[in-house]
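Following this message is one structure expressed as structure tokens.
Labels run A, B and C following the written order; every chain starts at residue 1.
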Amino acid sequence: MDTTEIGLHTGDARGVFDVTDRLAEFVAGRGDGLLSVFVPHATAGIAIIETGAGSDLDLLDRVDAVLPRRDAEYRHRHGAPGHGADHVLPAFVAPSITIPVVDGTMTLGVWQSVVLVDPNESNPSRRIRLTFLAA
Amino acid sequence: MDTTEIGLHTGDARGVFDVTDRLAEFVAGRGDGLLSVFVPHATAGIAIIETGAGSDLDLLDRVDAVLPRRDAEYRHRHGAPGHGADHVLPAFVAPSITIPVVDGTMTLGVWQSVVLVDPNESNPSRRIRLTFLAA
Amino acid sequence: MDTTEIGLHTGDARGVFDVTDRLAEFVAGRGDGLLSVFVPHATAGIAIIETGAGSDLDLLDRVDAVLPRRDAEYRHRHGAPGHGADHVLPAFVAPSITIPVVDGTMTLGVWQSVVLVDPNESNPSRRIRLTFLAA
């Protein structure tokens, strides 16, 4: 199958990381089909938002409001603070999304970018699996 | 590839728009496969809920609770009030969903409808990309 | 098409049910492709989280915080308490997810399990549609 894993250095910061260019590179020349983007981690998700205008940090703020980083409120707590919250994240921001590809280009709207949502500062590197299913 | 964009007039109201019939029409006669529903907009999402019993408006209420329309809480603010909130929406209500199709019919449950979630009153028309990948 | 529905006894409890083994069994021997997991119910969703360390119950807590079970806040209310909340759940925890399969094995990360999120105690049995699209 036409599948690969890419690596991403996220360092020790919590963040929203734009991976659009990496995906565009993967589908270039591949014709028509569906791109599956899948994160094999339990404390990260994939989203499609506008980047560059502040929404990436707004997103982290709202994630923290929905999943407060008060460890006492979670059963799953160990390691870095916020670990319990991070483990609920993928239920709300899923680790899988599918994007149509036409003639080697994702059919993203003008303002759409694909981002890794990674509120967990304990994992300095992440992987993303890209799979292309030809039409 | 078997793909098309449909247009939707959403007017100047915030809303949840049922597009099930449009999708059913697209897959009719297409046999078995997967339907990808993708919204190329940065302030809208796709959901599958029951419509007609109030849940569509309940959904908007809960979106507003999770993403309060108080512009001062967002970095991304310009244009219509609530713009910052609208730009975070797709992280929680993703713009992409995949639905199995068997013999030209989506395998939706009895109470499931596919809706465009569009809290943004500034875009009077929206597009949705439908892609069918045959089995 | 390579598709089937599996049944799940969820009883009268609200819960998060691990279905990873059922999915693994379905894709075993099927080679490379994409697995579509689709829940044909209007009050349940699918998520990928770590199970066994408390995050499943943490998830239900956070769902209840985002979708409070105070019926007076919902238009859609009848039947068991919390029905209105349950009907909004699928907008936030979608009933559809896609997982890559390589050589008959899902490409899940070490800590990822696939769960049915079912906050509705009124449905003692649930169905999940599994569809495999070969690469």
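The rule is simple: contacts are C-beta pairs under 8 Å (C-beta built on N, C-alpha and C of every residue); 3 or more make two chains touch, one makes a residue touch a chain.
All values derive from a computational prediction rather than experimental measurement.
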| item | value |
| --- | --- |
| Superposition of chain A upon chain B: rotation angle, C-alpha, nearest 5 degrees | 120 |
| Copy pair chain B, chain C: interface residue numbering same or different (half cut) | different |
| Cα-centroid distance, chain B relative to chain C, in whole angstrom | 20 |
| Chain B, residues touching no fewer than two other chains | 34, 66, 92, 94, 98, 133 |
| Partner chain A, residues of chain B touching it in the complex | 1-3, 34, 36, 38-42, 66-67, 73-77, 84, 87-88, 90-92, 94-96, 98, 129, 131, 133 |
| In the complex with chain C, residue positions of chain B that touch it | 32-34, 45, 47-50, 53-55, 57-59, 61-63, 65-66, 92-94, 97-100, 102, 107-109, 111-112, 117, 133, 135 |
